[in-house]
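Below: one structure in structure tokens.
Chain IDs A, B, C and D follow the sequence of writing; residue 1 opens each chain.
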Amino acid sequence: MADKRITIRATRFDPEKDKSPRLQSYDIPFSDDSMVVLDALNYIKSHVDGSLSYRWSCRMGICGSCGMTVNGTPKLTCSAFLRDYWPRSVTVTPLNNFPIVRDLVVDMEDFMHKLKSIKPWIIRKQEIPLGAGEHRQTMDQIGEFRQFSQCINCMLCYAACPVYGLDNEFLGPAAIALARRYNLDSRDQGTKERLPMIAHPDGIWECSFVGECSVVCPKGVDPAKAIQQTKLDTTMRFVLPYGNRE
Amino acid sequence: MDFESYDVLVVGGGLAGIRAAIAVVEANPRLKVAMVSKVYPMRSHTVSAEGGAAAVLRPEDSYETHAFDTIKGSDYLADQDVVEAFVREAPIEVIQMEHWGCPWSREPDGKISARPFGGMTTWRTCFAADKTGFHMLHTVFQTSLKFDQIHRHDEAFATKLLVEDGRCVGVVAIDMRSGKFDAITAKAVILATGGLGRVYAFTTNGNICTGDGMALAYRAGVGLKDMEMVQFHPTGLPFTGILITEAVRGEGGYLTNKDGERFLKRYVPNKMELGPRDIISRAMTTEFEEGRGFEGAHGKYMHLDVRHLGEAVIDSKLPFMRELGREFVGIDIVHDPIPVRPVQHYMMGGVDADISGVTPLAGLYAAGECANVGLNGGNRLGSNSLSECLVFGAAAGRQAADYVSSARAPGSNPVGAMLKDETARIEAAYLDKKGGDERIGAIREEMQLAMDVGAGVFRTREGLEKLTKQLGTLRDRFEKIKIEDSSRTFNTELMAAMELDFMLEVADVITYSALAREESRGAHSRRDYPERDDAKYLKHTVAFRTDDISPRLEYRDVRITNFKPQARTY
Amino acid sequence: MTEQVARRPALAHLFWWFMFSQGGVLAALLIPVHIVVQGILGPLGVVKVVDRHYDTWISILGNPIVKLYLLVLISLPFFHFAHRLRYLLVDLGVPAAKSFPAQVVFYGAAILVTLVTIWVLLTTAPISLG
Amino acid sequence: MSAEAETATRTYRPPMGAGWWTRKGHYFWYMVREFTALPLALWLLWLLYEIQRAGRGPSGYYPPNSTAFVIFSAICLPFALYHSFTFLKLAGVILRVKLLDKPLASGVIVATMFGTWLVASVVVGAVLIGFGR
């Protein structure tokens, strides 16, 4: 078999030198059908151009660091196979809607603040002592929130969300899905405490249900569903006479 | 010059590091904690742990059996007092995780469920489906967000421990975003930087597992203990090394060779697929050598077969495995066997630390995979490591909190000088260096392949000696590296160079420690010394850095309490 | 984040979203059949429709249940439309559509349509149960 | 990362552009969904006008039958159907209904929504046609 090759075009941006990002082309061997886009970037960094910067670690789709835009779609590059693009070229750009720090690295500090703001921890009126053992929780009760607990904070949903792109004040898909994860946990009593942040004008109400967040989510979290359900539940709290309860 | 100063500084943002940070502020809410991590904490490699966390929670179980299983699993190299304390603390920590929101899988009555695991005589591995590490890490990280006393320095790479008057008072770290060097000072430092799997080519470990904390401590004069004990997990996916959890076997999966035979009957007839990792990895390697493995595009492999478990069990207990199979191999594990082969997975050895994480250097503590507190000995049992991170992370945190109540704050004068020296060293060695022509990537790949061959599942004197020479050559070539990236902003090439520097250091320690242990114990299997030798080697290896190429090795007796060493058969 | 302390659930947003969703359901369930029957089949003469003759039309418009139905049919969807069109402007790059004055204009228009509908329904045909 | 470092480095924020919704089919169809509001609003305003016209008395009343009006309705109809289809489907996906303590599958809820649509259409259609002459 003749040596297969593939063209990778990657965003280059060094704030110390460049005014704006540009694309650089690399022609590299596509030596193994199991190669993913991340392998291609690693090949470039090891053998062609050591200055290409990007984040990655687990390369098994769970650490959430290698999210980039691949041919226009937000993807985890560790599970985007080159064979699905070849013989076309692959264009790798940073995740949309985030400030670019360097090359393929984006600034996600905004999310880190938002994550904290929704109080993603178990809130209880009365803590039970460790000696009393575990809270009882059935698999059905876990089923209520399991889907929303699968978020790996990879930021693909924020990159896909035009509402966030148009206005970064929007709380955003992952943060709201995680708030819902705790609200639905039978051990948690903090729904009311999270309400001011969730039902804020920059919270759930800003979402216009484009739904692309759920399309790109690599873990099936379905943040769009989480947001609409939270809108509905929050509304019911106030509309139904018995709704505003804990 | 003023530096950001804290009471306790935690290096590393994985399960052990975050647990330690929380333990500090729980012990004393007035303490200020810094957490320095080279990645955002939820990217830490804990996230990839799948199978579960061991703890005695069921009434039928007992501390004694958990302790015995762990000690036998360690091939009697574990310190038995440490193991006995560990098994008592583990259930408390697992309950603590439950209170913090970890979605543990449950029994019908709502209690935390458990599954069987390799080397454990009963069901005691608590799990959250097959994403246990992911759920635990996100739970503990998100819980840590409620403590305003914990100040995070995300994406900051620690390059050196600051040592003043014989005590550790902080680190020099480079902020990836700005490229700025900073001294972050504290009265105590807890290392929780994880493993070193990237020293090997075929590993389950993420890109970030480069042995940083071990190298930092080693360079500060602290010994590295039992570094020859490298765990190879029997079931990694060929090519990627992605881990297929031991829980697959725990839930009843079969390992079969190319004749369709469950070959483990020749090696661990009583435990079969639930044998310990070191023995099963050797069994697979032996089968490969004797021609009974499958031949694939990415080397030899075996089949891990769960088809008989049925879709319902797979989807409730092993959903992530099905996802990984689909995503990365293009198979549905409900209908197809999974190709697997042994893969580097875990480092039993690490920074010499005691039962409370205390190291010989005052003010320095260590916990998690980067530490060796004496729990895992020659072979760690699956699902003990997540519990270890919790138990010993918390212990180190409490101990450090106690220590800083009486320790004085570091002075800024010597720290300023040390920061200047370290900045100058890195600039001279990497950033301002001219004329190098060696690529980091090339040296790293050669090191990894050499380690796979020389310090793998089976070792020999010839292989290890050859490896020391190869590593020496690579070290020489490393002096001539070229950094193409001249930017200060998010310079991942600079970070990769410093990581490679650390890896070459720990690779050396692994090799020399392995060369000196002339016996086979746990994961350390010498072809030329196939028997365990309790008379000579019922001892920990402790390696110290010297100015010479090879480390100085000391041996320390293993602490035996209730379990006399006996033949290890399953 | 100090602003967090001051944050309260946005009850106005909650109310308008509630109206939006109710209007959306009604529009989805009812509008297509009206368009098909009154807008296409009737004018083309395919079927006989109640608004084709003055007396059938005026008599059904006199029915109080019909009046109520028409009020709901016409006014509620306008709260849906107001919301969507406001965000359509946001999507097209007009962030001013998020502002309070814009909310007054859009939701005010929906209220206006409601008032006009009430007036029209009350003045068109006298209420009769015949 | 410290606040100081954050301000020390410059970042590049790519502009979003008002044409973002043309980049992807999904975005485009979302915009179409939102746009349905406009034709539907116009059609309802026409209906309101029709009702008002009936109030002017029998002498000037003529049934609505201009070609332009049929064309206008024919244009509105696909938008109406698209709104109904998307709204009912999405509402079905987000609604959580429990029956005997078991959550109902969203497929069942979506089917119920479409069933309700069918029944409502038949009833309203029957009244509009049944009282016609």
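FYI, contacts are C-beta pairs under 8 Å (C-beta built on N, C-alpha and C of every residue); 3 or more make two chains touch, one makes a residue touch a chain.
As the structure is a prediction and not an experimental result, all values here were calculated from the model.
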Original post:
Which chain is in the middle, if each chain's centre is the mean of its C-alpha atoms?
Top reply: A
Subject >> Chain pair showing more contacts of the two, A-C and B-D >> reply: A-C
**OP:** Averaged over CA atoms, how far is the centre of chain A from the centre of chain C? Could you give it in whole Å?
**Re:** 37
Subject >> Whole-Å gap between the CA centroids of chain B and chain D >> reply: 55
Original post:
Which whole number of Å gives the spacing of the CA centres of chain A and chain D?
Top reply: 29
**OP:** Could you grab the centroid distance between chain C and chain D? Build each centroid from C-alpha atoms only and quote it in angstrom.
**Re:** 12
**OP:** Would you please write down the residue numbers of chain A that are in contact with two or more other chains?
**Re:** 15, 101, 116, 162, 166, 208, 232
**OP:** Would you mind listing the residues of chain B that make contact with two or more other chains?
**Re:** 154, 177, 489
**OP:** Hunt down the residues of chain D that sit against at least two other chains at once, touch-wise.
**Re:** 1, 6, 9, 16, 21, 34
**OP:** Identify every two-chain combination in which the chains touch.
**Re:** A-B, A-C, A-D, B-D, C-D
Subject >> Interfacial residue positions of chain A with respect to chain C in the complex >> reply: 113, 116-117, 162, 166-167, 195-201, 203, 205, 208, 231-232, 234-235, 238-239
Original post:
Which residues, counting only chain D, touch chain B once they are in their complex?
Top reply: 1-2, 5-6, 8-9
**OP:** Write out the stretch or stretches of chain A touching chain D in their complex.
**Re:** 13, 15, 18, 20-21, 72, 96-97, 99-101, 107, 109, 143, 162, 165-166, 208-212, 215, 225, 228-229, 232
Subject >> Touching residues (chain side chain B, partner chain A) in the complex >> reply: 39-40, 42-45, 47-48, 92, 95-96, 98-101, 103-106, 108-112, 131, 134-135, 138, 142-143, 145-146, 154, 177, 206-208, 239-240, 242-243, 297-298, 316, 320, 323-324, 327-328, 439-442, 444-445, 482-493, 496
**OP:** Write out the stretch or stretches of chain D touching chain A in their complex.
**Re:** 1, 6, 9-14, 16, 20-21, 23-24, 26-27, 30, 34, 90, 93-96, 103
